[in-house]
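Mind looking over this structure? Questions follow.
We call the chains A, B, C and D, going by the order they appear; numbering starts again at 1 in every chain.
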Amino acid sequence: MSYNTFGHMFRVTTWGESHGPALGCTVDGCPPGVAINEEMLQHWMDQRKPGGSKYVTQRREADAVRILSGVFEGRTTGTSIQLMIENTDQRSKDYGEIAQSFRPGHADITYHQKYGLRDYRGGGRSSARETAARVAAGGVARAVLADLVPGLRIRGAMVQMGTLRTDRRDWDTVRDNPLWCPDPDAVADWEAALDALRKEHDSVGAVIEINAAGVPAGLGAPVYAKLDTDLAAAMMSINAVKGVEIGEGMAAATLRGSENADEIRMGPDGPVYGSNHAGGILGGISTGQELVVRFAVKPTSSILTPRKTIRVDGTETEIITKGRHDPCVGIRAVPVGEAMMACVILDHLLLDRAQTAGVRGAIGG
Amino acid sequence: MSYNTFGHMFRVTTWGESHGPALGCTVDGCPPGVAINEEMLQHWMDQRKPGGSKYVTQRREADAVRILSGVFEGRTTGTSIQLMIENTDQRSKDYGEIAQSFRPGHADITYHQKYGLRDYRGGGRSSARETAARVAAGGVARAVLADLVPGLRIRGAMVQMGTLRTDRRDWDTVRDNPLWCPDPDAVADWEAALDALRKEHDSVGAVIEINAAGVPAGLGAPVYAKLDTDLAAAMMSINAVKGVEIGEGMAAATLRGSENADEIRMGPDGPVYGSNHAGGILGGISTGQELVVRFAVKPTSSILTPRKTIRVDGTETEIITKGRHDPCVGIRAVPVGEAMMACVILDHLLLDRAQTAGVRGAIGG
Amino acid sequence: MSYNTFGHMFRVTTWGESHGPALGCTVDGCPPGVAINEEMLQHWMDQRKPGGSKYVTQRREADAVRILSGVFEGRTTGTSIQLMIENTDQRSKDYGEIAQSFRPGHADITYHQKYGLRDYRGGGRSSARETAARVAAGGVARAVLADLVPGLRIRGAMVQMGTLRTDRRDWDTVRDNPLWCPDPDAVADWEAALDALRKEHDSVGAVIEINAAGVPAGLGAPVYAKLDTDLAAAMMSINAVKGVEIGEGMAAATLRGSENADEIRMGPDGPVYGSNHAGGILGGISTGQELVVRFAVKPTSSILTPRKTIRVDGTETEIITKGRHDPCVGIRAVPVGEAMMACVILDHLLLDRAQTAGVRGAIGG
Amino acid sequence: MSYNTFGHMFRVTTWGESHGPALGCTVDGCPPGVAINEEMLQHWMDQRKPGGSKYVTQRREADAVRILSGVFEGRTTGTSIQLMIENTDQRSKDYGEIAQSFRPGHADITYHQKYGLRDYRGGGRSSARETAARVAAGGVARAVLADLVPGLRIRGAMVQMGTLRTDRRDWDTVRDNPLWCPDPDAVADWEAALDALRKEHDSVGAVIEINAAGVPAGLGAPVYAKLDTDLAAAMMSINAVKGVEIGEGMAAATLRGSENADEIRMGPDGPVYGSNHAGGILGGISTGQELVVRFAVKPTSSILTPRKTIRVDGTETEIITKGRHDPCVGIRAVPVGEAMMACVILDHLLLDRAQTAGVRGAIGG
């Protein structure tokens, strides 16, 4: 991975700023012959787009995605696919304060130090609006995966919001609430907590879990493109993410070897595991169990509470960030995490074809 | 990253199996003119090598590193550096059981499924012996960094072992104990716990923290080669790692925005931060604060307690793993984590030269 | 290089088909702070655009380039730059014959065999219209080079058309004729020959020479990203190119060692060479002399003379290619070759910063 | 391609200097399960090794290749393969003159300018000894290709030596003479010419042709990893190469469209072409015809004739290059070109599996 491109074989290059005319991505390495159209992609865009509930930014973007290349008569051609999303609600305002001051917890200061200048309008390139392009690319990946791996299912949820967390994974009800909470009994409490937080002009962090069922065994390229390595990189590249876990994650440190190793039995269709502490990955290669990835999203730093900072000229000041910000950016990170999971799985599916040239080791008769 | 290579500009390609004749790596992209010799590298090799205390594997390897290319009259030439470590203590034994059975929690089964065959001797390529090559490469990186970033200091410690953890970071005493524990008051308890565990034929996980002080601001290549993205990938690629955290890590989920964003003041030499929840990285770019990375290592699955598993032919069995295994592989992961940190920092230092072509944004007069 | 991206550090990803709504490219790795605007890019676009003289395709495209990202207040930000060119003159017509038949000498048949389907409208992705995106990217590269290497001058010419060739390099008059011919005395003859050819419904090949003066010594990354390696790849990737030469090129085979090696003297500003058989590159690294690259462009296969071919269903047929095609595609390849030269030089300038970390070997006192 | 690695999926990283202890390469991306042993590789090494006839360098190297990793019980494991060749005949001598002076036509001066220092012993990294590692890697590629593409045949010949050239391609007799000349009637003349040249203390250039028959249609990744692009880069990366041609090559410039486009008929097994001006590649993708690649090798600059040059200190001098040099380095470039052809074909075969995910377009029935 380098710069603005991710993926080995299914390569996505994103471009665009929060308040520029448009943003988008080039999807390179998509196999030919797959049915794709704008409606299919829009389905996923709508899950991430702003303005969907009172718990997310009130910026109004249609996030309408256009396919400019790489699809002919409804099918992919195997050439580069250009996806473009025009920005329509870049609110015109005075950016004077933000242009001269660095918001604590933002990329303002590091972009300035690295590049010597920055597009301060809405965070420019460092804005989470960049993730719209990822969701579009993820839509392409899902269409391909539907062809190549029937039965694959990728699902995400917010499993922790601040100090509130749940162990339930009621996947069928996740989309019934605006918080992507997988525990229907917890939704009311979580909403109340978030309402209170907004009134206090504050924000809160979250943990997102992405689950992929139906992934074939054998995906992952040891040693430095292990499946978990690439998933960790993919999730850590999402704005505001500070930690990534596979399976037991950080809690693996607390386990004993006799507890942690998932025992193996033989089932009618192949190996069956007694547990899934590994999160579906051993030695960097998928086992065929569910992939389980979690990531922590820090609370948005764009809050109305005044915070100490400095200006470009070195003078000290206090700043509050007005604007239309998410009190819990974790909510909209769920479809982004799903999109990254789809891209990484497809990437490794294609990579594996090159690596092993069709080899698969049998177990049993 | 792909296959057996990591890094963008400082590229390390590792090779070799646990019980083959040798292992090593090619270091490509090392700047010319840097003083390097085998003794300098051996210093770091000795920190990771087996047999150092009763708490690590009793395999006896000198881990003597040879420089075969890329260094002329004591200085790097800018061409590819080959580092080779011969294996000397590949104990000859009957691998019959392991050759036919998959150890639970190991890469045995996934390598078989992916590649159709595997080098079962000591885990072959999936063995943690691969990390010896990383430590050698890390030694090269440290030599270059000593030239380019005087004052840079990379230090690692085991900050949690099973359920025992410490918040102390007494860096000066870390190497005084065989557990890389940064809390001198805790060492005796941790050693006692580990002794008990070995008697129970079990193993335990750990959390390792790597700290880098003196890293210049401005390193990191948004969006998909962010400094934290690359650190996450680097650490997750180490054997047995299941989670990676930057700064607050997973705990960032529990914080409020008003708590989490590090306030900024102006000091005599530039920006000064009131805290370091960010772990030294904002928007994927270093702030100049200490880089703080943690990763969780699962307990080794190679234990003497019998575990249910299957054979290649699909029949079920129980297995115990004899051999010379680490009761807490986290211990020897500390120098590996340090090496990866050194490689990633140097990689981004070189990458930044290309990216920004010398630009740096000033703050203040 | 892979897929639709070229370059190591200055990375250009192109997208778009001949008859799709638009085409363009993402330029990644452009240093920050460089002044760029659409007018600057348009200057180069206009040199390649169709309809410029009677000797090139009569398709009417404004080839207006838009900057959609990566530039803020007139300066590059160091983030990905999106350049888009809308197609406006995709003539609506019946593609029935071309959809079912493979034009000899075209990519029709190989795209079909590889991808199973193809965008047959005007050649789709295999059309030379793709090179418009390269010229746009080359415009960005030139703007950066103007900052980093004052005095650098990149010039191209058609030095052979069919069997007519010239050894003159009167660079100042090249743009005074529509054939990019560097020999003012030859222009009339060449034009007459091309007029005759058009009347015969035929086409002809050409040799293009690209010359870069003022390139600093030391660019090139041995062994597999040598400057000549990358130039060869860059030029060979242009549509219809069948051969690439550096310096003496194929004629180097006929020389003796005593003739070929360029002798070195010491001048007031450094080494001075008595000749330039090497074309400015030794061991894959620039010497500081003029870079001299030539490439052969085959005659366009889209001619009105009937040719034997087959249809997708395997039946045999004859085909003539109507449409607005260039009788000598070499003409419009000149600005494309210049653009590729600019991109490769900048790419290596940035790469060298990372590789050598600022080292340069002095010669003399 | 970057630095010391070539290939997209079948990646070869070479290391080592002419007079260091050893040289070799890491082959990454080799599919698992392929039978490989040292004898198979040695067969190819012996074709390139020095000392084979009076027409090549008299340096005596066994060029014995050792497999240090990636092969288990005689089969590839899918992990990185390390191949090492020890240098045994690094003649100890006084390098004083070469250490201080730059040989005209060599990389001495550019390595000095770029890196600030160089391994002057025998050319160090810039020596053609590096190509030994390529031939070893090519041996691995050939073993894999023998499995994946039965019937594939790669053959090389020296088709021009100085001004002597032949149009005959009597492949069966090529190995019957030490010059790899494909024209048995010309051998005696060529040998006489080379004998005369050696007596005159001079050297001469050559053109090498590499032919691959049995390559399947559909290989090549437009736009920037076209099969011809990658072949051009592969050949141009070989020491002393100054030009590369595909099919008609530079002569394509002299042809008319009505002559150049290869007409297509339908044969019993698919398309049949009436000619092969294209050299087996259209639009960057293989047609299934023979791949035909030629490259020009300049005469070695290491000759006994005195030449003007400068020293590191800037003073002027004359130099003659003693030592054991090839009067026509083109001879030993033939097996190197074959090796590169094998690597590129395998690389694209693997890449195509990822790109198209198994798609192939049918023609006919």
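The working rule: contacts are C-beta pairs under 8 Å (C-beta built on N, C-alpha and C of every residue); 3 or more make two chains touch, one makes a residue touch a chain.
Values in this document were obtained by computation on a predicted structure and should not be read as measured data.
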| item | value |
| --- | --- |
| Chain whose mean Cα position lies farthest from chain B | C |
| Between A-C and A-B, the pair with more C-beta contacts | A-B |
| Euclidean distance of C-alpha centroids - chain A vs chain C, Å | 38 |
| Approximate Å spacing (C-alpha centroids) for the pair chain A, chain D | 45 |
| Separation of mean Cα positions, chain B and chain A [Å, integer] | 26 |
| Two or more partner chains touched - positions in chain C | 2-5, 14, 29, 32-33, 78-79, 114-117, 125, 222, 355-356, 359 |
| Residue ranges of chain C touching chain A (in the complex, touch as defined) | 2-5, 11, 13-17, 20-24, 26, 28-29, 32-33, 68-70, 72-73, 75, 77-82, 84, 114-119, 124-125 |
| Chain A-facing residues of chain B, complex | 1-6, 8, 14, 102-107, 109-117, 125-126, 130, 160-163, 197, 202-207, 217-226, 228-230, 232-233, 235-237, 241-266, 271, 274, 277-279, 281-288, 294, 296-303, 305, 307-310, 312-316, 330, 351-352, 355-356, 359-361, 363-365 |
| Interfacial residue positions of chain C with respect to chain B in the complex | 9, 29, 31-33, 78-79, 144, 148, 222, 350-351, 353-359 |
